[in-house]
Every structure is written in structure tokens, then in C-alpha cells.
Amino acid sequence: VRRGYPEAVYCEGKSPEQVRAIAERVGGRPDVTTIFTRADADRAQAVLAALPDAFHDPVARLLVWPPRMPEPTGELVVVACAGTSDLPVAREALLTARHLGRRAELVVDVGIAGVHRTLAKVDLLRSAGAIVVVAGMDGALPGLIAGLVSCAVVAIPTSVGYGAAFGGLAPLLTMLNACAPGVGVVNIDNGYGGGHLAAQIAAPR
Amino acid sequence: VRRGYPEAVYCEGKSPEQVRAIAERVGGRPDVTTIFTRADADRAQAVLAALPDAFHDPVARLLVWPPRMPEPTGELVVVACAGTSDLPVAREALLTARHLGRRAELVVDVGIAGVHRTLAKVDLLRSAGAIVVVAGMDGALPGLIAGLVSCAVVAIPTSVGYGAAFGGLAPLLTMLNACAPGVGVVNIDNGYGGGHLAAQIAAPR
Amino acid sequence: VRRGYPEAVYCEGKSPEQVRAIAERVGGRPDVTTIFTRADADRAQAVLAALPDAFHDPVARLLVWPPRMPEPTGELVVVACAGTSDLPVAREALLTARHLGRRAELVVDVGIAGVHRTLAKVDLLRSAGAIVVVAGMDGALPGLIAGLVSCAVVAIPTSVGYGAAFGGLAPLLTMLNACAPGVGVVNIDNGYGGGHLAAQIAAPR
Amino acid sequence: VRRGYPEAVYCEGKSPEQVRAIAERVGGRPDVTTIFTRADADRAQAVLAALPDAFHDPVARLLVWPPRMPEPTGELVVVACAGTSDLPVAREALLTARHLGRRAELVVDVGIAGVHRTLAKVDLLRSAGAIVVVAGMDGALPGLIAGLVSCAVVAIPTSVGYGAAFGGLAPLLTMLNACAPGVGVVNIDNGYGGGHLAAQIAAPR
Amino acid sequence: VRRGYPEAVYCEGKSPEQVRAIAERVGGRPDVTTIFTRADADRAQAVLAALPDAFHDPVARLLVWPPRMPEPTGELVVVACAGTSDLPVAREALLTARHLGRRAELVVDVGIAGVHRTLAKVDLLRSAGAIVVVAGMDGALPGLIAGLVSCAVVAIPTSVGYGAAFGGLAPLLTMLNACAPGVGVVNIDNGYGGGHLAAQIAAPR
Amino acid sequence: VRRGYPEAVYCEGKSPEQVRAIAERVGGRPDVTTIFTRADADRAQAVLAALPDAFHDPVARLLVWPPRMPEPTGELVVVACAGTSDLPVAREALLTARHLGRRAELVVDVGIAGVHRTLAKVDLLRSAGAIVVVAGMDGALPGLIAGLVSCAVVAIPTSVGYGAAFGGLAPLLTMLNACAPGVGVVNIDNGYGGGHLAAQIAAPR
Amino acid sequence: VRRGYPEAVYCEGKSPEQVRAIAERVGGRPDVTTIFTRADADRAQAVLAALPDAFHDPVARLLVWPPRMPEPTGELVVVACAGTSDLPVAREALLTARHLGRRAELVVDVGIAGVHRTLAKVDLLRSAGAIVVVAGMDGALPGLIAGLVSCAVVAIPTSVGYGAAFGGLAPLLTMLNACAPGVGVVNIDNGYGGGHLAAQIAAPR
Amino acid sequence: VRRGYPEAVYCEGKSPEQVRAIAERVGGRPDVTTIFTRADADRAQAVLAALPDAFHDPVARLLVWPPRMPEPTGELVVVACAGTSDLPVAREALLTARHLGRRAELVVDVGIAGVHRTLAKVDLLRSAGAIVVVAGMDGALPGLIAGLVSCAVVAIPTSVGYGAAFGGLAPLLTMLNACAPGVGVVNIDNGYGGGHLAAQIAAPR
């Protein structure tokens, strides 16, 4: 692995038994931080059976072992989203950035349909070294924010929405076509990847 | 046809000869207003050969005969777009609304990447009975505007853009997924249809 | 929020616990009308636990609090669909329009495959200030109706159908390509959005 | 080949030289009728150079040799479309049906946006043994007609339209989802295939 | 309804309660034959509760009331498919054709990967007035059969398959592009529609 | 590069000047065989200007330098297609296989709509070590042939066709869903890749 | 069936009862090897009820009867994949190749994101007569391996991944566009087909 | 505009006359750097007519005025691609990064099919503050490089390729699904956006 970054275990395609076997191997390597992503209740149980002291955030469906949080270095990462529905992905990004060693803050209740609430947060947004913007449905928020700041924006489309949202395709395309430059897009619902990329951008030099 | 609205001739799939033959028949019916849409230079020539006094706007690729503009009734229609590339579609909507009998105004240089320029136009936007918003690429502008006003917004996606804009699919999906209610979408590049719908919405009662 | 219109809470992506917490906050704001949309049995229970006197329509999966219906103003909204399968979306549109302050009527059993039943309703359709047409499968009904009336038609495609209906894509495309002008399209299954837009169009001036 | 039906040569993907070479071989087999389809001006020239007396319809982009039309047998084939833009495909279907031995008539200016013009043709439509309906954009006409008659309807989507018509995908999906049973669909712009199928359906028994 | 053909009730989008209510209304109209399609076990129970003597085929998920089968007229309808997986759709087509008044026979175990088994059935296929071919995965069977016979082939793509079959899209496209003319395509899994169309084609004249 | 196989230069995205510069560098390396693929007239001219003795097949749009053909080793490669339209791709595969050192033969005029012509070639097909099958439109031929032989079939979909062929997507999906095992698919129109893979499969051991 | 290769029964679309009936018929034909593919626990039980001594691999969801493994002939087949999630498909390919008579070995933990682990296996890869590469998400592994070896690579995309992996579409497209020649692609998750093709390629001559 | 970054004019959708008019206005604002992107020969002429001393790179289709290059600050930006075909986009990214004030270097002839050439550049890649990777066809290069370095990778898919590359869709999906974290994706062919984002990431702090 590349120096300084944790390992990751993607739990979704694996059985609880497979996850537990991996967690047991992880327990023998306390010098490396391992992040378990997309762990539902059953898979989280499997990790905790092998690593009872692991850090666990059920909303983000994320576990980390060893559970220690690194001392923050580099610049601030801000994670922004519109509301409750996008929270799992937003928290996954937030916690990933923190476990990669960044200071990270969450901003909710900003959005394109209520632009004044977004404008009210401009000072915080401008203080960041990298901003993660999580959005489903129309996916317009990253472009709005990218037009207000100078740092890079990492855009995460989510599968929140229905019908012509087509499982996240609509916000994905919106973000790839953002009118303001400065937006880099990751996979739909990929909170881990978005938080990781933001942490790399905001890393100390 | 429904009372009070012009006839329309869609020129794109027709040869100049076919367009001219239709224009000649139109010339025998001066009591009905006819709008020729999507007429490139050759097809516009064909119309003008039969109807030399027709109104012609080359940017909008639109001709109208008889050329008289009706006295405006009903409420104001505002047509908004970001800039030069969307102008042909925006002007097509503007002129259609005017020939259906509405007062109509064009607002350019508004957009999501420069949200302050949009906020500066809020008073004009709020004075409208219907707003047409034309946008390509990320297509986020209609949702932004719908969040600022109480009237209906007619959204026209355009094929302006490249790559993952997929010929207008990206802004079309964005508009269908707009977070603010109050947005009705028409076909990609359909300035005629968008202007027509706005004129119907803003019609006198 | 824009003056005169209710707030909306989209329940689908939220847990019953999250919905209940929101409903409790809503209970502290009796001056604003709040519409809860896409609430299945569990989420409806969660709303009613916090707001026992809320209006609830299980077919439309919609709740409103405070439950009072406003005095109707403006013009009539007609909501039309072919039959039983499209009823949940049609009722969602109907009730949304009513809670935004419009008089609204439902017409069922009209359709393209039985055009005479549609023609029999022309007088009612022509008395409307806005018409919502809900259709799945081929989605041809809005274009048929738009050709018969002068007011704006709000078209709602539904995911009713199978195979090449592709979850509502087929009627969505049909509606965007409607041959008659005067059709504005909203997202697949978006009864709330369609009813809202129609209520805005038919609002008093 | 199956007894009684002509051979067909699809000219579009071939060079004029290749078309001419094929036409020369055809000239040596006067007992078989050969239909050249999708022949633009250059390819038509190539056929006529080898077979100067071939029947040629430039609108349908179709040539037939030997040019004799068979005595009609079986039942009437009616070909219906909305207007000028769909004429090339409609005429291709009409002439194919005739050269396969059916009596065939063309009906234009029917459509969903002007349903009364379609209803005025019901007697002719009901006298047919098979009906070919050609439509682009929303593609709703075959479903409307299938609801009015008892015979089979062959639906041909066309690439007429723009934007969300997606080169004929929109009418194709509409036709596959037609609410009235009795509609069989062929490829986009496939006038030859549609006319052929209708001629088979209306064949004498 | 069009003379001589049954009514149809599509059960999939309806609750058992709604289906039962419809079945009760149907019981008051014994002069019209009604076909209930896509009725799973629960919905079939609902029909039988109201109409205990209804004809029921669980594989085809189809019920008919009154249960009498009409005397066959017209020509033979042959329904062909490759095997077990396509049987529900094939039987739905078979029984629909029979209840519309045609003699109908089922041929299984034919396919493109075992072309000799198909060739062994040519005499039966050539004796038909219309052939329904049901196929998933590559969907190549209708084109193979259309090349062997003179009558019309009704092609029904099925959602049988996985991966790049994309829920029936692959066989649908194959059938629309069949090299042999004489193939009319209906919606994916639409056994009812395919059997209906074949019965219309093979109707007495 | 891997031992024994030629280098390839893909000419399509390059200017004639760029192609000529590459060809000049190639001229300095006579020990390596270089294949120039997808060279239209202008690009072929550019290659020949630098390498006047290069082998050139204009139908296959392919050039090879040094022009010597290797002594054939390994097993026979058979390349099969339905006719004229697929010839450019089929010849590209044929010549690639030969320049990689295989004996290779072309079979045309086989197809699914005329299955007997295919069956007549079974002996030749069964004598091959690898078979390349090139097909557009319905793309059914590779599955038919794979059911008749024991060796591997390399399937090349082509963009020949129109409408719902969607530029080769239809035959591509058909081939991926071929009912008979033993079919490996390459990119649409990729005659070079298909011939290369077949030559690898039929290589001496 | 073609000489020397087993029969296959695809269990996914069939009920346990249908699977058991087929297994009983298979029991009467001990001279032919039959492979049951995609058998979940219930369907595996159904096979074992009729054929208690059948070979069964639950990870690969595969059963074989008679259970004897043939003596290996021909060349080595190597099956490579990145890890746990792709194992079911990889084992399905591995066991299919073995039951078709090849020696076959599995290599896990190779991948594009850890290219050095792949390079460490080059000697084994180069000793193969055919290589099966199984990959989801970005699907880049087959192209990497094809650039390192001279034999044919059979690429199997998997549905492992989420969001823009679109159920295996992303790796499928990657593999079809692999920059190195020598890659033949089979359907998404088609371990059986991939193993079969590799066994054919590596068959003795 | 955001402090320190140039303005951009997208020339593709504009007429040469419109471009010239904009260039003239730009000439009145020498304190702001303006980048003209996607300027073909005609549009470049139009810019140079108004701004004769503008910097012009015809391969990148890019002009800058005033032509002065800023003193480089921040970290190194490396732009990597496989070869000639991707050069226009790669140079557009390179020059954009330089005009935003970064030191930037171009690396060509790296790729997944020749992984050793990529490994040979690891030292240069590891010295960068941000890496732009440009790739068409399979789009696998960004994932390979992201696995070798610690800094952020900006991935630009290109429309280079044919068939199942679908105008850049294939590499776009590959990049969004890259197995290594640390990849942010921009629009297809968006060299300007990719270079801009990289320059922001590598900006001084």
C-alpha cells in the first residue's frame, strides 16, 4: 500500500463469514489501519466479533481498526450535503477523511433550491483545503459551490431519488457537466472514495 | 386548431421545395398566423420566396406570417439563459411567446456558476407570470430559479455541451430531478414548445 | 420558502425514526402547512405518532398537517388517468393541488386505446385552468388531451408497465416528444411535483 | 427464398460500384423480382445503369426489377402516417406491399394531436386486412388506430424528430408499450420490412 | 371493445382486493369473455373467490371467465420456444390465441444452438397461419424461423437471461434487427399481446 | 511487444502527417512487422509515401510492412460473414490472421435467414482451429455456427444496420448472449482484434 | 451435442421441481456428463435429491453428474481474479474447464491497483494455453494480463461493484475496449461460458 | 470570478463572428487572463484577428490573452497519456495548468498494455502534487497510476476509440470504477477542466 494511507475492505459483496475471516487476519496487523466500508448490521457484527474494540459508525456503515483517530494534519476538509437522505454517504466521506488524518467538518441543509442557506456558509467553505459535496436527484450543488470557492471540489453523486434519477445517473451526469471548473467526480454513493480523495488533496506538503 | 393559437410548420425534416409548397398554401390563409420553426438559411429562403413580407429571425431560425405581432395580453413571460450558446433556443422561445400574444423579455448571463448575477435579477423574475429557463450542460439553472419564484418554470434543456452531456440528456435529467417543485420540462432544444407552453400559462383568464 | 406554498418532506429515503423526529419538529410550527410525501404504512405511522390529527390518504401515500384544507382559489385543476394502476400517483397530484389551494377533480378511465371515452370528457377538460395527465406504458394520453384543450397540460409518466416500459422511461420519452405543444413534463411517478406545478399554473392572479 | 416473395438488396452500406455489380447479376434472373431498398441518388443511378427499365420511386428510395407490378390478391393494406416528414418510410412500405401483390392505399394527415382527422378515416381503416402505421416523435398513432380496428397493425417508428426522440428510440418504445393489443413493431425507419409483414398478413389463404 | 375479442384485465399493478372487485363486476357481464393476465397466486385466488368456475392456468398466470373455450375458426397458430424457462410466456400466448378462437399448438425444444431440431419441425411451422416465437437471451430464434416460412412471425422477447441480456433488451433488439422480413415484435414478456396479435393475423376472413 | 506478433498502428485518430511520421520510423525497423489498421485513402497514401512497397488492401483499410507474408503454421482460421456489407471487417480479420502466420480462408454468403447455405459449409467450418464470425444487424450467426463446431468462435459485431441496431450494439448484445458456449466477443468493427485473437487460438503449440 | 463436451442445465430461471425432473432424466443417461449451473441451495438440493452422488461446489453454484473428473489433456488453463467477491464466477470457470478435460489453476489477489502482485505471477501466466480473467468494477485486469502473455485471454466481466458499474456494464465495456489484442469477452458473470471457451482454446489438437 | 484564476471562453458552440466579438471585449480587459478553449482553425483566426499577440497552441485548440505565462508556484503537475491520439486533450490540460500558474510536464507512451513503460516513470509521477491522466478506449491508465502514487489523480476520459467505446462512455465508466482510491473524474475530452482542477489541487498554500 501507499505510505501513510489505511487499507480498506469492501464488505458489500462478501458473506459475514468471509468478512469475519478477513477481520481476524486484520487483527494480526495492528500497525496498519484498516477501514471496513459498506458494512450492514450483519457484517458489522462479524467485524466486531473479531475486533471488539473497532470504531463503528452505523449511519456511515463504516468500521475502523485499530480505533485510534490520527492527529489531524494538512488542511480542513468540509463535507456538504442537503439533508437526511444523503447523510450515510456524507458521513462515510467525513469519517474516511478523518481517519486519513484530516480535520473534517460536516455542513448539512445547503442546496440549490435554497441558495441563501448555501451562501450563508461561504466563509466556512472558503476556509477548506478541499470540499466534498454529496448530492442526489439533480446533483446541482457541487457546481454551485465550485463557483464560490477556489479549492478543489470532490463531487459524490448519490442514488437518492427516483424515476429519472436512474439510480444516481442523473446527478452523476450533472456533476460531470458542472459549469464551474474545479469539480472532480467519484462513483455514485462512493463516500469512502470521495473522502479519500479529499484527504489526499488536503494533505500536508 | 385550438382557438387563438397559431399553426406551426416544422421545417427540419422537409426539403426546401416542400417548405415552399407549404408556404404557398399558407399565403392563401391570411386569417391564421403560421410560425415556421427550425428553418435554416435554405428553408428560410424557401419561405420568403413564397411570403416575402414574413417576419424572419435568423438566430431563432423562425419565420412568421402574416408578420404582424399581436397586442400583448396576459402576464409577462421571462426567458432566461446563461449565454451565447443557448441564444438560438432562447430566442425561439421568446418570439414564440410574443407571437402567441404575450409580453416577453430575455435575460442572459445568469447561471449557477455565477449565482450572484442570477440573484440580481430576482425582481424581474418575480414579476413574471411564467418563466422559461434554457440551459445546456449541467442544466441546473431552472431548479435554482424555481427556488426563488412562485410562478411556474418551463425548463428547456439544450444540446449545448459535449461528452457526458450526451446531446442534452444530462440537462434533461437534471431538470426532471429539480429539487424545487414548479418545473415543467419540454424536449431538448424545443424553444418553440417551451415558449408556447409559457404563453399558455401566462394567458389572460 | 416561497409565500403561500406548503413545505414538503420526502419520506422514502428516511427511516421511520427520522420521519418521526421531523414530524415532531413540524408539530412546533402550526403556521406552516407541511406535506409528507411517499409515506408507506410504517412512515405514515411515524408521522401519525407525532401528529395524530394529520390528514392521511393511504392510496396517495400522503399526509398533511395541520389537516385543514385551504379555501379554494384560482382555477380548476383536472387530474386525468387511465385506471386503477395509475391511481396512487394521480391521487398524490390531486391532493397536492387541493392543499395548495386549488379546486381539483379526478377523471379516470380515459385513454388512447379508448379514445371515445376521452372525447366524452372534453367539456370538463376545457373548463380547467391546468390539467394533470398521469400515464404509464405508452404515455400517449397527455398528447391526446393537449390537442383538445387550450390550457397547459402537466404530464406525469408512471413506472406502471413492464419490459420495454423500462421503469417509466417509455412514457417519459413519449411525453417529451408529444406532437401537440402545451405539455410540460415532470419526473416519473412524481405526483407531488405534478400537482404542485398545476396548482401554480392555475393560481389566482 | 420463400415462394412468391421478391428478393431484396439493401443498398445503404454498399458502394455504387458494388450496387451496380449486383444489379447486373439481377439482370440475368428475370424470373425473380428484386427490390433495391434505401438507394440514394447515386445508388439508384447505379441500378438504372444496369437495369434501365427498373421501376424507381425516389421518395421511397426504392427500385424494382423487372418493373411489372403483380396483379393484387388478398386483402387491402392501408399505410397511414401524419405528414410530409414520414412520407419516405410510408411510401417504402406502400410500394413494398404492392410489389408483394397486395392492393395498398396511403392515408396521410392523421395523428394523435388531431384525433378527429383520424376518426374520419375509420371506415377505410376498418376495410383493411392489415394496417401499417408510420410515426416518429411520440409514436402514439399505432396505439390509437389499433384501438379502432380488428385487424393487425404493423407499427414502424421513424427517426423523425430531435432531442429526446433519440433517433427513433422514443416512438419505438411507445409502440412496444401500446395499450391496445394487436400491434407488431418493426425496426426504426424499416418501411420495407413493415410493408413486407403487412403483405404477408393480408395474403390470400 | 372491438367486436369478437375478449376484454383483458392486467393484474400485476393491482392489489388482490382491487382484482377481486373487478372480478365481481366481471361476473355481472357473462356475455363478454374476460382474460385476467399476469395473475400470481394471490391475485388468482382473488379472481377465483369471485368467479369460482373461471379457467385458470398457473404456469401462464392467466384466468378466463366465462371458462368456455370458443369453437376454433381461422388458421392454426403455432407457438414455439426453446425450453422450460420461456414456458410461462409461451403458454400465455398459446392460451390467449385459443381464447380468441384459434386452434393453437405449442412446440418446445427448438433453438438456434440446435438448428436441426428446428428444421425437423418445418412442416408443422409451414402449416400455420401465424407463428409466435418466444425467446430470451440472444433472441435469434424468430429470425431463423421467419427464414423458413411464408406466414407472419410474431416475436416475443423474454427477460430470461442475465448480465448483458439486460432484462430482455438483448433479444428485443435482435428481433427488431432480424435479417429475414416477416417479423413483428411485441413487448418483452408480453405473451398476452403476442398471442392476441397472432390470433388476429390468423383470423377467418 | 510479445514475441512473434507484429506491431499495430491505429490510423483513425491520427492526421496523415502523423501517420507518415510514424511510417518513417517504422521504415527504420525492418525486423519487426508493422500493421497499419483503419487507414482510409489519405492515411494509406501517407503510409505508402514513406513505405512504397508496403502491402495494401483498400477494402480492409490495412497496410503491412515489410510486405512479406509469413509461412503459415498452426491451424486453419476460417472467417465467415453474410455478405458485401461486412466485407471490410471480415477482410481485416482475414489479413491480420494471415500476417500473424496462420492459413486463413474467407466464407461469405452464410447467414441465419438462409440457414441451409450455412449448413452446406459445415465441413470447412469443422476443419478450422478457430473461426471468426463477422455479423451486423441481429448478430445471430456466431451462435448458429458455435452450435455446429467444436473449436472456439471469435465473434465480431459490426455497425452495419440502422435504427435499433444502434451502431452495432444490437449484434454485440446478441453475441454476448449466444446460447451455444464457445463464443468470445471483441469490439464492434474490430476486424484487427478478431483476426489477432483467432490467430493466437490457432497458433502452433 | 458436439462431441466430447458435457451438456449443461441452467438452473436460475427454473423452479426446484423443474430442476429435479430434469435431474431425474439426466440420471438415465450416465454416458453423457451434465453440468448444472447457477444452482442456489434449493436447486442444488433438487439435483442432489435425484442424483445423490453428484459433484457439488456451493461457491461456484455448480453440480456435475456423473461426478467423475476426466483425465486432463491439452494445455493448462489459468483462471485469475482480484479477490473474494469474484470467486463464485472464477470457480465456476475453473471447474467448468476441469470437467471439460483441462488442467486448471486459480490465481487470486492480482489486480490493476496492485500491479506488482500481477507481475509476480507472469511465469505461471505464460505457461498457460488459455487464461480466464474475471473482473468487476473497472474490469481492467484482462487488458493488463493480455499485454504480458502470448496466449488468448478470455475475459469475464462480473456484476461486482455498485453505482456506475451498472451491474457489470462498466467492466464489460472496458474489456471490449482493451488496448492489448488477444481478449475475447463473454457475458457478465458467465463463469460457465468463460471456462468452456478457455477449455476449447486449450484443447489438444 | 474567483481570485487568481483566468476567465474561459468556450468556442465550440459559437460562430466565428461571436468569438471575434467576445475577443474584442477581452482586449479591453488586459488585467484578466482569458483562455479560449476548443477553438478550431476558424475560431482561432477570429480570436487572432482581435488579439494578434495571443498565445495559440493549435494542437490543444487553445488561445490565451494576454499571452504572458505566470511565474510557476505550488507543486508540479504531471500530465500522462498513451500516445498521439490523446495528445490534443493532454496538451489542453498541460497548457491550462501552466496558465493557472503551475509547473507542468507531459509524459506520453505510458499505458496498461505496456505496463513496464509506466513503471519506468514512477519517480517522475511520485514527484508530482497532482497528476492528470488522459485515456480513451479502456480508460484503465488512471487506476494503474493511482495505485502507484500518493497524490490525487485527475482522470480525463477521451472520445478516442470506436464501437463499444461509445464516444468516451467506456473510459468514463472505467475511471469512475477505478479500484484504487484517489481518482477524480471530469467530463469526456475536458482537457481544460482537468488541467484546471489539477492546478487547483497543486496550488501553493
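Letters are used for the chains, namely A, B, C, D, E, F, G and H, taken in the order the chains are written, and counting of residues starts over at 1 for each.
The rule we apply is simple: contacts are C-beta pairs under 8 Å (C-beta built on N, C-alpha and C of every residue); 3 or more make two chains touch, one makes a residue touch a chain.
Just so it is clear, the model here is predicted, and its values are computed rather than measured.
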| query | Considering A-H alongside E-G, which chain pair is linked by more C-beta pairs in contact? | reply | A-H
| query | Counting a repeat as over half of the contact pairs in common, which of F-G, A-G or G-H repeats A-B? | reply | G-H
| field | CA centroid of chain B to CA centroid of chain G, Å | value | 56
| Inter-centroid spacing, chain G versus chain C (mean Cα positions, whole Å) | 49
| Centre distance in Å when chain C and chain D are each reduced to the mean of their C-alpha atoms | 41
| task | For chain A, write out the residues touching at least two other chains, lowest number first. | result | 147-148, 163-165, 169, 172, 176-177, 187-188
| Touching chain D in the complex: which residues of chain E? | 2-5, 8, 75, 129, 147-152, 154, 172, 176-177, 181-188, 192-193, 196-197, 200-201, 203, 205
| task | Going by the contact rule at the top, pick out the chain H residues touching chain F in the complex. | result | 84-85, 160, 162-165
| task | Quick one: which bits of chain A touch chain B in the complex? Just the residue numbers, please. | result | 82, 111-115, 119, 137-140, 143-144, 146-148, 161, 163-166, 169-171, 173-180
| message | Which residues of chain A touch chain G once you look at their complex with the stated criterion? | response | 10, 12-14, 18, 22, 157, 159, 167-169, 172, 187-190
